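The following block contains the structure, expressed as structure tokens.
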Amino acid sequence: MNNILTRIVSNDFPRSRVLAVILVGLLLALAFAPFIFPGVKALSVAAKVLVFIVLVASFDLLLGYTGIVSFAHTMFFGIGAYGIAVATTRLGPTWEALAVGLLSSLVLSFVLSLLVGLFSLRVKAIFFAMITLAVASAFQTLASQLSEITGGEDGLSFKVPELLSPSMEFFEQPFLGVSIDGRLLCYYLLFVVTLVLLLSLLRIVNSPFGRVLQAIRENEFRAEAIGYRVVVYRTTSSVLSALFATMAGAMLALWLRYNGPDTSLSFEIMIDVLLIVVIGGMGTIYGAAIGAALFLVAQSYLQDLLRLGSEAAAGLPWLAALLSPDRWLLWLGVLFVLSVYYFPTGVVGRLRAVRIQGTKTRT
Amino acid sequence: MSENLLTLEGVHTHIGAYHILHGVNLTIPKGQLTMLLGRNGAGKTTTLRTIMGLWQASQGKVTFGGRDITQLNTPQIAELNIAYVPESMGIFSDLTVKENMLLAARSARRASQMDADRLKWIFSLFPAVEKFWNHPAGKLSGGQKQMLAVARAIVEPRELLIVDEPSKGLAPAIINNMIDAFAQLKASGVTILLVEQNINFAKRLGGTVAVMDNGVVVHAGSMAELAEDTALQQSLLGLAL
Amino acid sequence: MKTLDFDWKPLALVPLLALGIFPFIGSSSTWITLTVAGLAMGMIIFIIASGLTLVFGLMDVLNFGHGVFIALGAFVATSVLGAMSDYTQSESMLRNMLAVLPAMMVAMGVAGAVGLVFERFIVRPVYGQHLKQILITMGGMIIGEELIKVIWGPAQIPLPMPEGMRGSLLFGDAAIEKYRLIAVAVGLLVFAILAWTLVRTKVGLLIRAGVQDREMVESLGYRIKRLFVGVFVVGSALAGLGGVMWGMYQQSVTPQMGAHVNVLIFIVIIIGGLGSTGGALIGALLVGLMANYTGFLAPKVALFSNIALMAAILLWRPQGIYPVTNR
């Protein structure tokens, strides 16, 4: 049994009791979310968590393991989302359309990420980061301008295959208070895909390929000197990272049945991804999971909390303004800055460090 | 018996995970020229950089003129009138020769405020500096840049000159000019700590000598003694002077 | 700055672009209008970018949050100008100036002061760590943007141009907006002051040397860290000034304007070469001209044209047009 478990997580165990408990808890919470957390909003948050786990984990591959800073990540996310959106809008809500959409977006991402990856090697890291910022910005503008294809600013609303739509009722009676419909199926489809993709990423980063990536991140010169062709590894990592992000985008579109420039391409999403990967812990993959859950739950419910605080502080207008629920990003920003200082290794890193310290004192 | 201007006691320096200096003990007597010899990788440059505060000593003490300077930062150390000429020369290629010199003259806010007599003396040692005064320093040849680097170090009176391999990569004729310049500097009473691998430097300039190997000083004494003892030369440096 | 064989080729790019685009535009009066507009926009961008490029060149600090000073300056100006409406409503240019100049000064002061705080608490703790700098300065910008929303509200605020500055001057067939000429003048003034400081003062000398080899400057006895704080504050103040001018150019300000202009600034300093003021000027003029020409000829590709421009320049000179040596 242990052997099978080792193979599933590619020998990359949590390495911290607390972390393992949290991860198992998260897994269970997501697996049974429709039943544990009633209501439409809760399920939406859960689905978003799944999407972001994949998106952020793919970004961690690029940033945490390969050491490349790229702000163009949302571009691939958007390509995946638009792929599904455009395909179903044009070809109808069929499984074939989904396949076409997914495949074409993967191909487009492949080509673009190849170009971007190769370009990153010709310029210095700082240049590259700034250029990706510009490119992502341009892509977002492009998406809102090619309104014939992308629906412009308004985006595209579309139907999904019958099996996944809310109108498809599998059973007349609700089970444990939840109606067994297409929507539920869609959620579980996302859940399974997330699990598979996450474990694949674990497999990738723990493979010989992944180890070379880390070596390159630590000391590119030495890696090259030993004989690894840095170009090949970094480009491959860029491409893989982009492909996973594309799949995350497809997942998002499938769930929302809508996509627009702000849904998947906005700079806010890029910031969110950055926040999550830093708070969760870079270079851990697990950090993406925990970070995404923490972040999205906070995002949804922090606003409610702030609303309470704002009302309570009604007497002091400036305080009320600071605590206004619309200003939740301010507090998130503060949290982010604090985590970059005090928790550079993120939640996962912190938990693992505690564990190491614990074992040290015991021996 | 001249006093010691600079003393290193038990200095260790780590660079990242690498332990380069393993307890360096070095004394630089005032008013003399001390040569720091040793093979490549012995730790000579690291010693100089540690003195200048560019790398922090992890252990030990550096004393200058009776004052503990181990924890001071680089600008503070330079302000004590210690001038440093690094191996890479540190020439600002986009600036003119004049601007390079002006930068080094801390008390001057404009070129006209630099000490004209001193400049004249410097020009006599290093004619190229005068010749290319208004030219970008990047246009100078390797030897001329080296001369500029040393000229910069003495544009104002300094207590201690720390020079790292001034003859590196230079043609023999230029090296002779360099040696002449250092001989004059030595004669003027400036305390000099010179790292060199060039034999002629050692032979012609004399003074005191310290030899490093594997991050420690393995021999210290007068150049005259070392010059006599060829066996010692072989064992310390792997070659005869 | 340089003698004899001065690197003139990049300078030629600006007239090259301006003249090269002429056949596409056709009418000379339109061309003149667009060119002046482009130069004006370029000058405003230069004012903002100059601080950022020096900060990076001198201390290797990448401030992804530079945009917050732009927005701050613009918003402060709305408050100041709003309070001085009797000056701004006047038709007399002189009376307008009496409102605009204080607005600029206050904006610069506030931006500079915030810059001081920003450097101390956001930037200083992460010297030498590029990744953290990128992350943290972005975080700083988010916080700044939100605080602006707290103080001034999240909505767009109009920033009407003072009456005396409205309108155009006619040169033959070409109509040139008065404000754009003012912008060019201010930009040239800022450039002249910067250039004079860099070339003729010791501080400027220190900055130019520090951009090349920070360690050597310290070895010569200068506390370059203090100089850096000064440059950062001046850079932030300049961004504030640029924000005021940008706001007046667009006649409105939004809290997101910082992030929006940020992208343009980055393109400019990449084109110019990180650390080069002259490069930033040329880059800014090129970007300004390009934005206006494409805005007229093919509006949909405006943002792409700047990226294409950047790519083209990088293919020619991978480090930007005036790369700083020793980096």
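Note that the chains take the letters A, B and C in the order they are written out, and that residue 1 is the start of every chain.
Keep this in mind: a residue touches a chain if its C-beta (ideal position, glycine included) is under 8 Å from a C-beta of that chain, and two chains touch if they have at least 3 such contacts.
These numbers come from a predicted model, not from an experiment.
Listing every chain that touches subunit B and subunit C alike gives an empty result. Averaging C-alpha coordinates per chain and comparing to subunit B, the farthest chain turns out to be A. One inter-chain figure worth recording: subunit B and subunit C are separated by 43 Å, centre to centre, where each centre is the mean of the chain's CA atoms.
With centres set at the average Cα position, the gap from subunit A to subunit C is 35 Å.
One finds 56 Å separating the Cα centroids of subunit A and subunit B.
Residue ranges of subunit A in contact with subunit C, taken from their complex: 69, 122-123, 125-127, 129-131, 133-135, 137-138, 141-142, 145, 267, 271, 274, 278, 318, 321-322, 324, 326-327, 329-330, 332-334, 336-337, 340-341, 344.
Of all residues in subunit C, only 1-4, 202, 205-206, 208-209, 212-213, 215-224, 324-326 touch subunit B in the complex they form.
In the complex of the two chains, the subunit B residues touching subunit C come out as 52, 54, 73-75, 78-79, 84, 86, 90, 92-96, 99, 102-104, 106, 109-110, 134-136, 138, 152. Listed in rising order, the residues of subunit C touching subunit A in the complex are 56, 62, 122, 125-126, 130-132, 134-136, 138-140, 142-143, 146-147, 149-150, 154, 259, 262-263, 266-267, 270, 274, 300, 303-304, 306-307, 310, 314, 318.
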